[in-house]
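Structures incoming, each one as C-alpha cells.
Here come two complexes built around subunit A, the first alongside subunit B, the second alongside subunit C.
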Partner chain A sequence: MTQLSIGQLSKRFGAVDVLRDISLDVRPGEFVSLLGPSGCGKSTLLRILSGLEQADTGSIRLGVRELTGVAPSERDIAMVFQNFALYPQMTVRENIALPLRVRRLSRWRRMLRLGGAVAADIDAEVAAMARTLEIEPLLDRKPAALSGGQRQRVALGRALIRQSSLLLMDEPLSSLDARLRLQTRDEISQIQRQFGITTVFVTHDQAEAMAISDRIAVMLGGRIAQFAAPEEIYRAPASLAVAEFIGTTRLNRFETRVDQGGFLRLGPHALHRVAPELAGQDVTLAWRPEAFRLSGDGLPVLVRRLESHGADSFLHGECLGQPLVARLEPGPGLTAGETVRLEPRPEATLLFDAAGQSRPHAPAMALAHV
Partner chain B sequence: MSDLALAAPLSRPLPKGILLAGPAALLMLLLQIGPLVLVVCAAFTDWQLGGEAPNFVGLDNFRALIADHDFQASVLVTARYTLMVVPGALLLGLGLAMLLQGARRGRTVYQTIFFLPYIATLAAMSIAWQMLLHPSFGPVNQGLAALGLPVANWLRDENTALPVLALIGIWHETGFAMVFFLAALTSVPTELHDAARIDGLGGGWDRFWLVTAPHIAPIALFVLVVLTAHAVMVFDTVALLTQGGPGNATRVLLFVIYQEGFSFFRTNVAATATVFFLAITLTLGMLQLRLGRRGGAA
Partner chain C sequence: MSRWRHPLLILAAALMLLPILWAALVSTRPQDAIIGARLLTMPSLDAIAANYGRAVTASPLFGFIGNGIAVCSLILFFQVLIMVPAGYALAKLRFPGRETLWGGVLLGLMVPAPVLAMPLFVMVAMLGLMDSLPALVLPWVVSSLGIFLMRQFFRRVPDEIIEAARLDGLSELELLVRVLLPLARPTLGAFAIISLVAHWNELYWPSIVVTSAERATPPFGVMLFQTQEAGTEYGALMAGALIIALPLVAAFLLLQRRFIEGLVAMK
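Moving on to the complex of A and B:
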C-alpha cells in the first residue's frame, strides 16, 4: 500500500486553466473519487497522474518516488479506461498477460513466442487472477464475445496483474447499463479492498462516488472545492457551489442579511444568532429538501403542488416569494393552495458568506417571530 | 365474377412492376450483358472484323493464346507492373495517412494535394509526365545532368520504361490508398494507444503493431485488392507514353487487347484475351465484395 501526494499541480491548455493549484494526499490503500461536472479537470488530473499528460507545474509523489517526467509504463501505476480499452485481436488471456509479457520478455521472445519458464510463471499468474475475478471460463474468448460487465472484469484483471502501487479508473462504469453499474460498483469496491491498492476513481456521478469512496475530492472549475468523506461533503459542504453540485434535488437558497445584532433574518423572521463577525453582512441560507419538518411555528409556505414518492413526498411551494422544495414524511393530507408552516432543523441549515464559503453558525435556537 | 374480382388486385402489381423495371433491365441487357455475351461468343469463333462469316472453332483461340509467347510476355509485364505499383502505393499511402493523422494543422490541405493525382485524368497527366521525362529538354534529365548524374531516355529504354510507368502509377494511386487509410486510422480508439503506453509499449513501432495494425488490417486488405484491380487495368499511360515499347517491355494485357482488336483487327484474339482479362478482374471484384462485407461487419 502506497501513499500518493499531489502538490500544487497546474495545467493550462492554451488560454484555459484546466487545473489550478491542485494538492491532494491519498492515504495508502485509500479509495478516492474525483467528482465533478464535465470539464472540471478531473480526467485531465487522472491523465497527468498516469503520465499520459504532463502538468505545467507541481509534483506527484507515489510513496517516496517523484513521478514527474517518468514515462507512463515506468510509474508503477495501472489504469482502467472508460471503454475498457481491451485489445480486440487478443484473447482475454493474452490481454491480461500483456503487461507482464512486455515487462518480463524481450521483444524477440514475445514475437517468436519463446517464453520458457518466464512464460509459465506468467500463465500461472493470469490463471490466479482469472480465479480471483471469476472469469476463468472466458480466458480463451475475444473481447467482442464478452458482455459489458465481463469486459470490465477483464480490464480490471489487466490493470491488477502487475500489482502496481496505484490504480487509476476513468469513469469505468459509465459505459455499463444501469443495473450492471450498481453490481459492478460493488464488485470494484470489493476487489479494491481485497487487493488493498491505493485507488483514484474519476466520475461525474455523485451517487457512484458517495457509494464507493473513502473520500471524495469535489472538483469545480479546475480546483478542488472540497476533499472529505462522502457523508461530510453532503452534511457540511465547504461552499455554496459544492452544496449545489451535491444532492439529487435543487437546493433551497435564500439570500439575506445578518442584522447588526448578529441575528440571521429571513424576511420578518429571525432564525438564530451567528458568528459576530458576520454582523451586517450579506449571506446565503440554504436547506436541502429534507431539512424541513412540519411545525406550528415554522416559515409560512404556500403549497403549490404535492408529489408522492411512496416512502416520502415532495412539497413544491412558495416561501417569501421564492420557490421551495421540501421532502416530508407522508402524514396528514396537505392540499394545494393551503399555507403550512415548515421549520428547518438548525443542524441542517447551511450558511454561506458573500463569497460562497461555508460559515459556521450557532447551533439550535428556536425560530422567533419578531 | 367474384373470383375474378378477388384475383385482379393480386395479379396487378406484376405487370406494373415489369413496366417500371423494364426499361432499366432492357438497357442493362443491351449495354452491359449484351456486349459481354458477344465478346465471350466471339472468343469461340474465327471472326475478324470485316472478314467472312464466323465459324465456331471451340477452344482453339484459347489454346493459341496460351501458347503465344507475346501474350505470355504481356501477362508477365502486367504482373511485374502490378507487383511494383501495389506495394508502393499501399505503403506510401499508409505512410502519408499516418503522417497526416499526426498533423495538427494543414491536414485538409495536404490531404487534397496528395489526392489530386488520383482525381486528375491520367491521360492528361501523362502529357505532363512526357514533358518531365523528355530525354533532352525534360527537367528530370536536366536536373540529373546538373548534379553530374547519369541521364537516360526513360521511356525508350527497355530497363527503365516499365519502372517509370510503375512510378507514375504509384504517383496516381497513392492518394487513393491514403484516403482509405486516413479513414481507418481515425477509427482507432485513442484509449487503446493510452492503454498500450501504460502497459509498457511506449514506442511507436510496438504500438503500431499492437493497436493500429489489427485495426486497419481489413481496410488494408480491401485497398490491396482494389489497387491490384487498378494496376491490372493499366492502359492510359502505356498507350500515351510508350505504346507498349520499347520492344515489348511495357506491353500490358489491356494494351494487347487494344492492339489485337483495333490495330490488327483480329477480333477473335482480342475477344479471347478479354475473356482471360475478365476472369482476373472478376476474381478481384468478388474478393473486393467479400472483403468489403467483412470489413463492414467488423
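Moving on to the complex of A and C:
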C-alpha cells in the first residue's frame, strides 16, 4: 500500500488552463474518485498520473518516489481504460500475461516465445488471477468473444497482475449497460479492497463515485473544488458549484441578503442569525428537496404538481415567486393549487456568500417570523 | 434491381474473362486454324504441345518469371517495411512537419507513375544501375498508396490500445509488430494483391531500364519474345502470356480472402 501525493500540478493546452494548481494526497490503500463534468480536467489529471501526458508544473510522488519525468512503464502504475483496450488478437491469457512477460523476459525471448521457468511462473500467476476474478473458463478466448462485463474483468486482471502501487481507472463502467454497471461497481470495490491497492478512479457519474469511494475529489473548471468523504460532500458542499453538481435533483436556491442585524431574510421571513461579518451582504440560500418538512410555521409554498415515487413523493411548487421542489414522505394527501407551509431543517440549510463559497451559519436557531 | 444483380455481374465477369478465354483458345489451336479464325474446332494435342513447347523454349520464359517473382517480392517487402512505420507515425505520433508529410503522401497518390519515369531514369542512369535488379525495385519501394492505407487503418485503432501497450512496457517496435501488425493483416493482404498485380504487369518501367533478356520481367520478356523471335506465332505467344499470368492467379487465390476483407475494411 502506497501513498500518492500530488503537489501544485498545472497543465495548459494552448490558451486553456486544463488543470490549475491541483494538490491531492491519497492515503495508502484508499479509493479516491475524481468526479466532475466532462471537460473539468479529471481525465487529463489521470493521464498525467499515468505518464501518458506531461504536466507543465508540479510534482507527483508515489511512496517516496518522484514520478515527474519517469516513463509510463517505469512508474509502477497500472491503468484500466474506458474501452478496456484489450489486445484484440491475443487471448485472455496472453492479455493478462503480457505485462509480466514484458517485465520478466528479455525482448528476444519474448519475440521468440522462449520462456522456460519464468514463463511457467507467469502461467501460474495468470491462473491465480483468473481464479480470483472468476474468468478461468475464458482464458483461451479472444476479447471479441467476451461480454462487456467479462472484458472489464480481463482489463482489471491485466492491470492488477503487475502488483503495481497505484491503480488508475478511467470511467471503466461507462461502456457497460445500466444493470451490469451496478454489479461491476460492487465487484471493483470488493476487488480493490481485497488487493488493498491505492486507486484513483475517474467518473462523471456521482452515484458511482458516492457508492464506491472512500473520498471524492470534485473537479470543476480544472480545480479541485472539494476533496472529502462522499457523505460530507453531499451534506456540506464547499461551494455553490459543488452543491449544484452533487445531488440527483435540482437544488432550490434563493438569492437574498443578510440584514444589518445579521439575520438571514427570505422575503418577509427572517430565518436564523448568521456570522456577523456577513451582515449586509448578498448571499445564496440553498436546500436540497429533502431538506423540507411540512410544518405549521414554515415558508408558504403553492403546490403546482405532485409526483409519487412510491417510497416518497415530490412536490413541485412555488415559493416567493420561485419554483421549489421538495421531497416529502407520503402522508396526508395534498392537492395541487393549495398552499402548504414547508419548514427547511436548519442543519440542511446551505449558505453561500457572493463568491459562492460555503459559509457557516447557526443551525440551532429556528425559523422566526417578523 | 436485386433481381438483375447476378445476371449483370455474370455478364460483366464474362466480358472480363473473354480475352483470357480467347487467349486460351488461340494457345490450343494450330497456326492455320488461328489465321483462319476457326477457333471453335477441337483443340489438338499436337498444337498444344507445339505452342506451349515453343513458348517455354523459344525464350527464357522461366527466367522472366523468376525475375518477376524476385522484383515483385522485393518491392512488396520494402514497401511493407516502409509503409507500416510511416503510416503509424502519420496516424499516431505527434511530430513537427507531420501535416506536410501527409500532404506529400496525398500528392504522391495523385501523380501518375509515368510522369516520374524521366527523372527516375536519369537518376538510375547516373547511379550506373541500368539493366539491374535495383533499377527495377528501388523506384517503387516507397508506396504512397501503401502509406495512405496504413495511416487510415492505424487511425481507426483506438489510442487506448497503444497507451495500454506503453504502460505495459512494450517498445514502439514491439507495439507495432506484436499488437498492431496482426490487426492490419487484412489491409496488408489487400495491398499485397494490388502491389503484386501492378508490378508483375508493369511494362513501361522495365522497357525503360531493362536492355537484356536476362533482366526482363514477364510482360516485357514476352514482348521482347514477340518482336524478336515469335513474329506472328500467335499460338505460342498466347501460351506464353497464359503461363506468365499463372503465378499471379496463384497469389490471388492465396490472398483473396484477405484481399476481400481488406477492401471491405477500407470503407
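Things worth noting here:
As a working rule, the second predicted complex is superposed on the first by the 370 of 370 C-alpha atoms of A that agree within 3 Å, B and C clash if a C-alpha of one lies under 4 Å from a C-alpha of the other, contacts with A are read in each partner's own complex, and residues count from 1 in each chain.
Assume a residue touches a chain if its C-beta (ideal position, glycine included) is under 8 Å from a C-beta of that chain, and two chains touch if they have at least 3 such contacts.
Everything numeric in this text was worked out from a predicted model, so none of it was measured.
After alignment on the shared subunit A, the placement of subunit B and subunit C results in a clash. Look at A:193: by the touch rule set out above, it reaches neither subunit B nor subunit C. Touch criterion met: A:98 reaches subunit B and subunit C at once. On subunit A, the surface patch touched by subunit B in one complex and by subunit C in the other comprises residues 50-52, 72-73, 77-79, 81-83, 85, 87-89, 98-99, 102-103, 107, 158. Those residues of subunit A whose C-beta lies close enough to touch subunit B in the complex are 50-52, 71-73, 77-79, 81-83, 85, 87-89, 98-99, 102-103, 107, 158. Against subunit A, in their complex, subunit C makes its touches with residues 158, 160-161, 163-171, 174, 177-179, 182-183. The touching residues of subunit A, when paired with subunit C in their complex, are 50-52, 72-73, 77-79, 81-89, 98-99, 102-103, 107, 110-111, 158. Residues 189, 191-192, 194-195, 197-202, 206, 210-211, 214-215 of subunit B touch subunit A in their complex.
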